[in-house]
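What follows is subunit A paired twice: with subunit B in the first complex and subunit C in the second.
Right, the complex of A and B next:
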């Protein structure tokens, strides 16, 4: 590497780098250009406007998530229930028509939605694990390495940064949840078209999209808040996991005290936890009843439990998610300003 | 050489509660390299944070390329910042990091890739650009940080302790990059403790101590204004005593010292270095003195720094 090209090259070489017949500048040593031009060169390309700069931050988050082996492991596990369901549906389609449907609910309008609800419900826990993996370090890692100094020295607002981080988590969670659901949906459409699947449940695709998006959005909103207030991904993940389980235990205990375990009562109260809110949202989106097995008279009986109040669940989710985002916004700053 | 003003501070103060960070600073910085010097706690970092818009001045007026910097992301279109931090994204390669930062600056597509490669070459990281930052030395981290700072061709670049962790060759290479950057009409502000390296790079300084700006300008100009410490010059000649006798006639000579251990060495102290430098050649010619060496040991940045900070 040359350090003083000006002493060995003609003067014009200092400001006008050598250009070959194809217009390429000679930055490297070659027979024609034995000394590399390492002096500063102005950037001549375009610089985009401010719009969508947050997407660069989001993309970096998505790429970082994809590089983790754990990401692929959890994504693989998330596919399994859908895969089993798909195999079941395939076998069912091979059976005589009069055989009872072993997988889906036969209630009109809930036949397929009910299956999708059960599958999404199962995957909510996997989504939580995925959130810990891809979201805990989203801002806390920047806090630890002081990378906010570098980030916010670019033409990027605090809001851009926050949106980027949120989108990085949300997009990853959404994609992992949606991909297997979408494959199953396409399979159902192709297989059961003649059964009138599209006419019976025309909004199924919209419901699938929403059922994947809403829990992902709530996870992302809460996780950015926890991550922003922590110095390390491990601590952020541990605190979020604690909050996730603790909120479920507390709401369960309060519900149990107030209803003595009657599943049909105080349904909204039973759902006031991170996992409960997500389940409540998904159930409302699919508009299905939940089947609960009870042993009231000694013999098991199946009770239909309706979804918690949609208004209540969505409002509480909005407030909780909003608190997460506001907490992150309050925390994100390039320097720690000491106030007297 | 600094010319037109790119950064403008007018009576700027910053208080951290009851602690003062910088106190009534007024200065202008133009194109070229300017060194921001001062001991720990002098207020250098606060000034940098004010210029980069990370802090809001408590009082006073600030402009960077004509814009108010605080919380103004538009400023960063014209500003490159190379912070002191050493930890970066350890999982990224140097090339990925520079490309990511370039994308944040607004470049995309083929230009983003080309410019990334160009910047990697400029900062001398071709050989290690595809290794993960986690395995980089301090010097390599400094280079990729510089790379991201110069990526978008900013009008102003601010470097906080850029020589930390760099070996002598690395320092020289970084100095060359910064010099060529400044020669193209950009403003460079370098905060550093390594006075020798700063002196090799520029003679234009901003000297701070205890939150105040002690001096701004060229080192030799500032030195000539320090009356409290006479200017010291060392001359080596075989005619030490005869030269000393001649010099006593001049009123601007304050003292002459002959070292008995080094009989060819004459130390002169003068209150007016300019007058001395104008007169001395004529004196040598008229008296046929043989002068083997002639230098001023305290006409350097370190002396100026010590005189101003310690007094």
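Right, the complex of A and C next:
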């Protein structure tokens, strides 16, 4: 019996380069070829446009965040309030129509927005913890390992680098905040369509998107600023955490001194802190009144607190966020320049 | 053909002038940048990379203006910095691949190139380890790999043998030489170690106080004035030196069996002259060759 391999093509075609169904020529040297020359040679392949070079940096930040176990733990905890709310809404939908739910704001245009506001408000703290986890090392770790030299010796401007780092933090925070909110929104649309949810609150999806995006943007802007000025992620995280809580305490004390604890007075002043600004923005986005329990005459009473001035909150947030970004920009440089 | 040049370049950091009125031409091949601390070498490199905007004068790298085309320049060059630098928390393949992507390479190409480059730089299977666990020698290699990954036409190496043991230094210098000779990449090596420059570079630029004080091919700079030779004898002999001096030669140095002589004749008569001295002194000559100045001599002469 002959052991000679069966010829699959006539002899006259053996020297002719063959093209496989994927368009690869048989005479082309490629890494897939087992006898290809894999030694170093100069790169002559394609290059991507410079316009979205920052996305490479952002993607690396997102990838790094995803690899942390803490990220998944916090993301999981962020889902819980939405999950409980979803269960609550489901149970509520099974109740007779005339049963009044004291927690739910049944004002037309605020019924669902109010629920989403409370959930987002609860999750703002989780977003803060997530910011510490994914943002504190974003630039400070690069400072510690001199990685800026690697970045800036490549065709990358420091604006590209900064946008990339900012987007890395923002996208992560935004995605973690948005994912459960979106699931709840879809559930609401599917369950309460017949109740006229879409007609009552047509802008709810836009509000949900903005309510997740604005706090994430403020966190990202501040965190890049703190991270850029620190040499280690721990220090950056500690300073940001200190600033977050300290600003809240200071604004609370000033507000208390000026209003003697009257919740409906000087609402904007009470919101001049990192957490307050975020809460104020979210409340304005959902355009809802906040229900606060007070104990003025010994008996608990629920007071409706309107949102702080939208102009004031957004302007202050813009300024604070801008300062964070400018601080980072001032610190990011490829070389240490000693002046004077 | 030149790869970079600066004309009347002035660089200031605030009120302090780091480089003043510097004019230099960097030819193709492997070029050494020498100079004492504070000579302006690093400032020159930073300016050529487009990191620092010159206060005066002009500069070009690969035909691109350093003041206005920094981004395009950095697309075509690679930098191996002096200090340790890496992206924290990732392994070498991911790091080099990421460096390639930062240079604009598609992710798939960058990953393939990262493997090729790390293999070429001798990191082998260690490329799958986290960079933070690397030894100094490995860190030097990975810095070279990240500088090479996007196929630069010009490579800046700042103290490439910093912190390396003799074997690691030898490997690194072989690698640098191979990059310059076999791969056809122009290389600028900034180093304080003159033997490294002597071994790898074909040209040198010597700087002092922000000025170029010596520049040219190493071979040309090493040539001595007059006819100087190095003679090696079988055994040390005082008589050889005395006879040479009596015949009008100057003994420049004597280390054991090695003599360096400055001869009062033209180079065509060298062998006759040397053997004449040996015969009279009764010694055996093992060999002789034209004497060359060491890079250390050139450097010291230039900066003193």
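Assume the second predicted complex is superposed on the first by the 298 of 340 C-alpha atoms of A that agree within 3 Å, B and C clash if a C-alpha of one lies under 4 Å from a C-alpha of the other, contacts with A are read in each partner's own complex, and residues count from 1 in each chain.
Just so it is clear, a residue touches a chain if its C-beta (ideal position, glycine included) is under 8 Å from a C-beta of that chain, and two chains touch if they have at least 3 such contacts.
Quick caveat, the model's predicted, so the values are computed rather than measured.
Participant: Please determine, from the superposition on subunit A, whether subunit B and subunit C clash or fit.
Facilitator: When both complexes are placed onto subunit A, subunit B and subunit C end up clashing with one another.
Participant: Pick one for A:156: touches subunit B only (first), subunit C only (second), both, or neither.
Facilitator: Both subunit B and subunit C are touched by A:156.
Participant: Please indicate which partner A:60 is in contact with in the superposed arrangement: first for subunit B, second for subunit C, both, or neither.
Facilitator: both
Participant: Of the partners subunit B and subunit C, which touch A:47 in the superposed model: first, second, both, neither?
Facilitator: Both subunit B and subunit C are touched by A:47.
Participant: Going by the contact rule set out at the top, does A:145 touch subunit B (first), subunit C (second), both, or neither?
Facilitator: Both partners, subunit B and subunit C.
Participant: Subunit A residues touched by both subunit B and subunit C?
Facilitator: 38-43, 45-50, 53, 56-57, 60, 64, 67, 141, 144-147, 149-157, 333-335, 337-340
Participant: Any idea which subunit A residues touch subunit B in the complex?
Facilitator: Touching subunit B: residues 1, 3-4, 14, 27-28, 36, 38-43, 45-50, 53, 56-57, 60, 64, 67, 141, 144-147, 149-158, 160, 333-335, 337-340 of subunit A.
Participant: Can you tell me which positions in subunit A touch subunit C when the two form their complex?
Facilitator: Per the stated touch rule, the residues are 31, 38-50, 53, 56-57, 60, 64, 67, 137, 141-142, 144-157, 333-335, 337-340.
Participant: Applying the document's contact rule, which stretches of subunit B touch subunit A when the two form their complex?
Facilitator: 15-19, 49, 52, 54-55, 71, 73-74, 76-77, 79-81, 83, 85, 87-91, 100-101, 103-108, 111-112, 114-115, 117-118, 121-122, 124, 145, 148, 150-153, 169, 172-173, 176-177, 180-181, 183-184
Participant: Name, in rising order, each residue of subunit C that touches subunit A in their complex.
Facilitator: 13-16, 46, 49, 51-52, 71-72, 74-75, 77-79, 81, 83-90, 98-99, 101-106, 109, 112-113, 115-117, 119-120, 146-151, 183-185
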